[in-house]
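Encoded as C-alpha cells, here's the structure I'll be asking about.
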Amino acid sequence: MKRKIVKKRMKKVGAPPGTLQFTGENKTDKVVVEVVRFDGQSLEEISLDPEQLQQIETSHEEKITWVNVGGLHDIRVIESLGEKFQIHQLVMEDILNIQQRPKVEDYGRDYLYIVVQMLRHDEQTGEVHTEQISLVLGSNFVLTFQENPTDVFGEVRKRLTEGRRIRFMRSDYLAYALLDTIVDNYFPILERIGNEVEALEIELINNPTPSTLAKIHHYKRELLLLRKSVWPIRDVISALSRDESNLIASETRVYLRDIHDHALHIIDTLGIIRDLLGGLHDLYLTSIGNRTNEIMKHLTIFASIFMPLTFLAGIYGMNFEYMPELQWPWAYFATLGLMTAVALGLLLYFRKRRWL
Amino acid sequence: MKRKIVKKRMKKVGAPPGTLQFTGENKTDKVVVEVVRFDGQSLEEISLDPEQLQQIETSHEEKITWVNVGGLHDIRVIESLGEKFQIHQLVMEDILNIQQRPKVEDYGRDYLYIVVQMLRHDEQTGEVHTEQISLVLGSNFVLTFQENPTDVFGEVRKRLTEGRRIRFMRSDYLAYALLDTIVDNYFPILERIGNEVEALEIELINNPTPSTLAKIHHYKRELLLLRKSVWPIRDVISALSRDESNLIASETRVYLRDIHDHALHIIDTLGIIRDLLGGLHDLYLTSIGNRTNEIMKHLTIFASIFMPLTFLAGIYGMNFEYMPELQWPWAYFATLGLMTAVALGLLLYFRKRRWL
Amino acid sequence: MKRKIVKKRMKKVGAPPGTLQFTGENKTDKVVVEVVRFDGQSLEEISLDPEQLQQIETSHEEKITWVNVGGLHDIRVIESLGEKFQIHQLVMEDILNIQQRPKVEDYGRDYLYIVVQMLRHDEQTGEVHTEQISLVLGSNFVLTFQENPTDVFGEVRKRLTEGRRIRFMRSDYLAYALLDTIVDNYFPILERIGNEVEALEIELINNPTPSTLAKIHHYKRELLLLRKSVWPIRDVISALSRDESNLIASETRVYLRDIHDHALHIIDTLGIIRDLLGGLHDLYLTSIGNRTNEIMKHLTIFASIFMPLTFLAGIYGMNFEYMPELQWPWAYFATLGLMTAVALGLLLYFRKRRWL
Amino acid sequence: MKRKIVKKRMKKVGAPPGTLQFTGENKTDKVVVEVVRFDGQSLEEISLDPEQLQQIETSHEEKITWVNVGGLHDIRVIESLGEKFQIHQLVMEDILNIQQRPKVEDYGRDYLYIVVQMLRHDEQTGEVHTEQISLVLGSNFVLTFQENPTDVFGEVRKRLTEGRRIRFMRSDYLAYALLDTIVDNYFPILERIGNEVEALEIELINNPTPSTLAKIHHYKRELLLLRKSVWPIRDVISALSRDESNLIASETRVYLRDIHDHALHIIDTLGIIRDLLGGLHDLYLTSIGNRTNEIMKHLTIFASIFMPLTFLAGIYGMNFEYMPELQWPWAYFATLGLMTAVALGLLLYFRKRRWL
Amino acid sequence: MKRKIVKKRMKKVGAPPGTLQFTGENKTDKVVVEVVRFDGQSLEEISLDPEQLQQIETSHEEKITWVNVGGLHDIRVIESLGEKFQIHQLVMEDILNIQQRPKVEDYGRDYLYIVVQMLRHDEQTGEVHTEQISLVLGSNFVLTFQENPTDVFGEVRKRLTEGRRIRFMRSDYLAYALLDTIVDNYFPILERIGNEVEALEIELINNPTPSTLAKIHHYKRELLLLRKSVWPIRDVISALSRDESNLIASETRVYLRDIHDHALHIIDTLGIIRDLLGGLHDLYLTSIGNRTNEIMKHLTIFASIFMPLTFLAGIYGMNFEYMPELQWPWAYFATLGLMTAVALGLLLYFRKRRWL
C-alpha cells in the first residue's frame, strides 16, 4: 500500500490542547523503556515496564539519565515520564502526534524539545518510511521517543558502555550524538535512491517503456514526501547551533555545526535527485517524440513508395477495351521497369531529405 | 456553479473608508448573537436579538465576555457592537467585507483585530468553500463574527461550560482556542483533497480518460483558491506569537507556537498536493504521447505489411496481354508464398526493431 | 493597436537630469488646473488656466490646497507649479515622464513624491490601459498630475464639498483618500479580467479552437504588462505606512495599512489569474494531444480494417490462369464471408484494446 | 559570428593578483586619452598621447580632472594613470580584464572603483554587444576607461563645455552624469529588442515557420547574455546610493536614486521580454500541435472516405466465375450509387464530429 | 563509468565524531608531503615521507610554514599533522571525508578550516571530476590537503621561490593565493563546457539526432553535479572576506573581494549555461514537433493524391458486364486526363493551404 500524502490526524477538531492521543497505528506489544544512567565513573543500564517508571531517579545530580521509549501506543508511559520530568502538556501531545514537522522548541531553562523524522528503508516494498523521533534535552537528562522499538541508537549505547568520550560529556553531547546518528542514517537511504534513479536513467536511455515513466513518477512522489520530512532538519540543527539556550555548551556547538553541514549536504543531494528526475521526465517526453517521429517516417516512406506503385498497377488493371499499351509485348516489363524507377527515385528523394 | 476567481466587491470606488456595507449574499434570517460571560467561578450564556445588544455589559471587570455573531447581513449588529466595544470604523468595514486576506491588525492597548478564512466542505457539490471569520481580542472580551451561523465553535463553548482549563484563563487563551479550532478544521479538508487526488492518481495510471485531465485541472484550480485563503495564516499566527502586544500573555505564546507548527504543516501539505498535481499533469501529457506512439506503431505495422502485399496482388491484376507468369501453373501459389514470405519478413523486421 | 511592451522614451540619451519633456502623446487641448482650498470651516473650488497659476496662494497657513492637473502636455503648467511649491527638478522630470515605475520619494521635511499607475478599461478595444498619476504631498498641500483630465477623483471632491470627515483632516489624509481611490479602481478591472479568463476556461473545456489559444496568449501578455504597473504598488504603500516622514500622521498610517491590505489582495489575485492562465495553456496543450490521439485511433481502425480486406479482394483480382478458387461456385460468397469475419475480428480486437 | 557564452580569460591560472594583461582583442590603433579640467570659472580640454600622461596635474586642488581613456590595449596608459592617481593593482587588473561583472568597490577615502557594461547595437549583425566601462571616482578626479574610443560621453562633455550646472558640481556629480548616460543608453536597445520580439509575435501568430522558432531561441539567448551584463547594475547603483563613502555628497544621492529607478525599470522590462519569449515558445509548441492535428484530420478524412470505396471497387474487380451481381445490368450504377452514399455518409459523420 | 550522483560514505552510521577514515579510493602510493618554510629573507623547501613529519618545526616564530599533502589515503599523515598543529578531531575527519560541501569553519584564534572542490577535466572521458582541497590557515602556517598529488599549486610555489610579493606577506595572503589558484582553475573548465554546449547548439540547429538529445541530457547532469561543488564557493569566500577572524588582515580582504567577484562570475556563467541547456531542450522538443509535422504533411499529401487516383483506377477495374464507359474508345485517355486533373487540383489545394 502506498503512503498517503496526507495522513489522518486523529485528534478531534476543537479538542483542548494537550489532549494526549496517539495518532499512529495502535499495537498491543508492551512498550519497553530503557534507562541508561551514567557519569565518567559508572554506568547502569536497565529496562523498565510502563508500571515501573516511578523508579527512575530524577534528583538534580551529576549523573546523566537517558530514557529511551520504544513505542508510543501506551499513553501511560508518556504521562508518567511527562510528570516525572515536568514536561509541558503540548510537548507530550506532540510526542504522540506522529505527523509532526521537524522542529525545536525552547522551554527556557528547563528543556529543549526536538522532533525529527528518521528514515527507514522497507526491504519488502522497496519504499522509504519515516518514523518520528522526539528528543527532550534537559540539563542532566535526555528522553527519546521512537514509534517502534528499533535499535537505531545501538551504536551510541555501545559507545556509552565502552566508556568512550561520550561518557565524560554532559547531556547536550549525548543529544548531539543521537541526532548525529539519525542524520547519518539519511545517507544510505539517499545513496540507495540515487542508485535506483541512476539505474532508471540507464533504462530510459537504453530501452524506455511505459513502466519507466511510472517509475519516474513513483520516485518523484517518494522524493516529495521525503523532502517534507528531511527539509526542515536544516532549520532544526541551525536553530540548535545558534540557540542561546544554556542547555547547549559552546563546545558542543562545534559538533552541531558538523551535523548542520551534513544536513546541507543532504538537502543539496535531494535537490540534485529531484532535478535529475525532472530531467529524466523531460528526456522521456522528448524521446517519445523522437520515436513517434521515427515511426511516422517509416510509415510515410512505405506509403509514399507503395501508393504510386499500386496506382500504376491499378491503371493497367482497368478493363477499358481500347488501351493500346496492353497489347504491346514489352509493356509488362516496361511497367515493371517504371515501377522500379519510381521506387528508386523516391528512395533517393528520402535519402536526400535524410529520412533514410 | 463554480467559485469565481475574483469575487465582486460591492463597495463603491471612492467611497470613504469605514463605509459599512456587507459584501456577501444578503439574507433575511435574523442574525443571532450569542454572549458568554465567565470567570473561574461562574458562566452565563445568553442569546440576544440585534435589538438587545445594549444589554451586554462591558464595564472593565474581571469577567471575560465572548460575543459570537452568526451572520453579517444585519449591519446594525456590527454598528452596535462596534460602538459598545469602541472598534475602529476600518475594522467594522473589514468585518463586513468578506473578501479579506487573513491578517492581524494591532490597535495598540485596546484590541487586536484578526481575520482568518475557515474552510467548509460542501457535501453536495464536493467543493470547498471559504468563510471569513473575524476576531476582535480585547483585554477582557473576544468578539467573533461568522458569515453564517454554524456551530464551528461548539467544542470551545462546551469546554467553557464544562469548566475546563479555558475557564480559568484570560481572553487571549480563549482567542487561541478559537483560532486553534479554525486551523484544526483545515486538516480534514486537506485529508479529503489528498485522498481524492490519490484516487485520481490511480485512475490516471490505470485508465486515463479526457475526464481525468479535466479533474486534474479542477483540483489545480481548487488548490489555487485554497492557497489564497490558507497561505497567509502562517503570517497571521507568526505575527501574533511574536507580537509585543500586551494583550497576549507570554504563556499563551507557547500555545500560539503550536498553531504556528500546524500552519506550517498545512502549507507544506498544500505544497505537496500542488507538486503532485503538477506531476500528474506531466504524467498525463507523457502517457498521451505513449499512447499516440502505440497507435502509430499499430498503424505503421499494418500499413507496412499490407501495402506491399496489395501491390503484389495489383501487379498480377494487370491486364497486359503478354505477362508470362500468368500462364505458369504454379504461379498463383508461388505468389501466395512470396506474399507470406514478405509478410513474415516484415514481422521479423518489426520484432527486431522491438515494435512488436 | 496593441500596447507596446517597451514604450519609447523621448528624453535624449545623455540629456542632463531635470530636462522637462513630456514623453506621452502630444495634444492640443488646454490643460485644466483645478484648485480646491479648504479647512473645516470653508472650501473654495476654482478652475485655472495655465496662465493663471500665479494666483494660487501658498503661504504657510492652516488651509489645505489641492491642485489637480489634468493633462501633462503643457510643460509650463508643471514649471509654474514646480516653482511655486519648490519642487525638485528631478520630480518635475518624473511627472512628465509617463513610463515611471510606481515609487515613493522622500524629499525630507518638504514633501513626498508618489507615482502610481491608474488602470483604465478601454470599452472599445477591450484592453486595459495604464495612466500615470503623480502625487506631491506637502504639509499643507497636495498636487496631483494626471495624463488625461478624467474624473477619477470626483468622488473625493464630492466628499470634500459635502463637508465630510475628510474636510477636517490634514493633507496626508487627503493623499490617502486619493491613493485609496486609485487602488480601489483596480478591483473592477481585475474582476473583469477574472470573468473573461473564466469564460475562456469554459470555452476551452467545451470547444477549444486555435482562437482559444490566441486568447490565452493575449491574456498572459496583458497580465504581464499589468503586473509591471501594479506589482510595485505594494512597496509604495508599504514604504508610506512605515516611513518616518513627519508629513504623515500616525493616525493616517492606520488607513494606509488598509490600502496595503488591498494591494496584497490585488497581487494575490494577479498571481492566481496568472497561475490559472498557465494551467489553461497546459490544459490546451494536453487536450490537443488527446484529440490527435483520438484522430489517430480513428485512422488506425479504418486502415487496419480496410487494408486486409482490400488485399483479399486484390488477391482474387489477380489474372493467373490457374487459380482453382476462382472456379468454385461458392467461392465469392465464401470470400465475402471471410472478409466479414476478418472485419469483425479486428473490431473485437480494437474493442478489447479499448480503442472503441 | 555569435557571441560566446563564456569568454576566454587570458590571465594565466595561478598568476599573481594585479598581473596587468588586456583580455580583449588586441589592436594597433593609438590609444587616445582625453583630459578635461574644470571648475566653475574655467575649463581646459586636451588630448594626450600615452607618452604624455605625466603632464596631467594631480595636485590636490579645487579643479576637477576627468581623464577618459578610449581603448585598453596599451597597458602603459593604464600603468601611468594607475601610478599617477595611486590606484590599487587589483583595480588596474580589473580595468583590463573586460569580462568583469558590474560592481562597485570602495577603496576608503581615496576612491571608488565602478565597473559597468555599456550596450552597443551592431547595425550590421543586428546583435547587441557589451563593452566594459570602468570608472574611478576620486575626490577631485574621475577616470573613465572604455574598450573602444566611442563618443558615448559626448553629451556630457558638451554640457561641461557649455558651462551648464555640471560645471559647478563636484566629481561625484560628474560620475553620476556619466553613469546616467550609460544607463540611459540601455533604453533604446531594450526598445529595439522589444519591437523585434513583438514583430516575432505577429509572425508567430500569422505564419509560423521553423525559422520563427530559431528566432525565438536567438532572442532567448541574447537576453540571457544581456541579463548577465545588465542585472547587476541595480546592485551597483543601489550600493552607490546607500554607500557611506564620503566621496558622494548627499545631494548627489538624490540623483543616484533616479538612476536606481531607471535600473529597476530596465530589469522589469528585461523580465517582461523574457516572460513574453517564454510565452511565445509555448505558443509555438502548442500551435505545432494544432497544425499536426489539422493535418492528421485531413489525412484521416481522406483515408476514411477512400479506403471503403476502393475496397468496394476491389470486390467487383475479383475474377470469381460465379458472382451474380456482375451480370445485373444496373449493378454498375447501383455500385456507383452505393459508393456515393458511403462517401456522403462518412462526410456527414465527420461533420457531426466537427472535424469538418 | 559515469559519476555517481550520490557518492558512498564509508563512515559507519553511529560512529563517534572524529573517526578518521578516508572515504575515497584506497591507493598504495606513498603520500608525499611537501614543506615550504619562508620569510622575506629566506625560503627552504623539503619533501618528507609520512614518517618524517615530526621534523616540521612549529615553534611560534616569524617564518611561515606551508605543508602540502598530496594524497589522503595514509591516515597517519593526517594524524601526525593534526597533532603537531593541534587540529580538532572533526576537522581531521572532514579532511578525510572527500564528499564535503565547500565551507569555512572558524576555530577562533587558532585556525580557519576551509574546504573547497577543485575541478579537473579528464582528457580521456571528457568528464569533469571534482577533487576536494582542504586548507587549514593558522597565524603562521598553512596546511593544504589534496586527494591526488597534482601540481595545482605549482605556480604559487614558483612565485614563492622567485621571491615575489607573496614572500613578504603573512600566511593569510598565501591562503588567498592558493584559493585564487583553485577558483581561477574553474574558468578554463567552464569555458570548455561553454564551447561544447555551443557546438551542441549548432548541431541541434543544423542536424538534430537522438544523440543530440542524449548529449543535452549529459550536460544537464554534468552541470547539476558541478553546481553542487561550485555553488557554495561564493558563501565560502564571502564568509572569509567579512569574517571577523583576526587571522585575516584587512589588506588581504581586498584580495578576497576579488575572488568573490570571480565566484559570482562563475555562478552567473553556470546559470547561463544551465538556462541555455534548458532552452536547447525546449528547442529540441519543438523541432521534433516541427519535423513530425513535416513528415505528416508529406504523408497526407501523398495519400490524398494517390488514394482518389487508385480509387478511380479501381472503378474501371471492376468486372461488371454492363459498364458503358469501357467500350468508349477514348475512355481510357479521358480517365487518364481526369486523373491528372484530380492530381493537379489537389496539388493546387495543398499549395493554397501552404502545405507545399
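Order of writing sets the chain letters: A, B, C, D and E. Residues in each chain are counted from 1.
The rule is short, and it goes like this: a residue touches a chain if its C-beta (ideal position, glycine included) is under 8 Å from a C-beta of that chain, and two chains touch if they have at least 3 such contacts.
In this text the structure is predicted, and so the values were computed from the model without any measurement.
Chemist: Chains shared as neighbours by subunit D and subunit E?
Modeler: Intersection of subunit D and subunit E contact lists gives nothing.
Chemist: Regarding the subunit A and subunit E pair, does the interface count as same (over half of residue numbers shared) or different (under half shared)?
Modeler: Looking at both copies, the contact residues mostly diverge.
Chemist: Take the average of all CA coordinates in subunit B, do the same for subunit E, and state the distance between these two points in whole angstrom.
Modeler: Centre-to-centre distance between subunit B and subunit E: 42 Å.
Chemist: If you average the Cα atoms of subunit C and of subunit D to get two centres, how far apart are those centres in Å?
Modeler: 26
Chemist: Among the residues of subunit E, which are close enough to touch at least two other chains?
Modeler: Residue numbers touching two or more other chains: 285, 289, 292, 296, 299, 303, 307, 310, 314, 317-319, 323.
Chemist: Give every residue of subunit D touching subunit C within the complex, in rising order.
Modeler: Touch residues, subunit D against subunit C: 153-156, 159, 164-166, 177, 180-181, 184-185, 187-188, 190-191, 193-195, 197-198, 205, 254-255, 257-258, 261, 264-265, 268-269, 272-273, 275-276, 279, 282-283, 285-287, 289-290, 292-293, 296-297, 299-300, 303-304, 307-308, 310-311, 314-315, 317-323, 354-355.
Chemist: Which positions of subunit C touch subunit D when the two form their complex?
Modeler: Those in contact with subunit D are residues 2, 4-9, 11-17, 88, 90, 94, 99-101, 103, 105, 107, 207, 210, 213-214, 217, 220-221, 224-225, 228, 281, 284-285, 288-289, 291-292, 295-296, 298-299, 302-303, 306-307, 309-310, 313-314, 316-319, 323, 325-332, 335-336.
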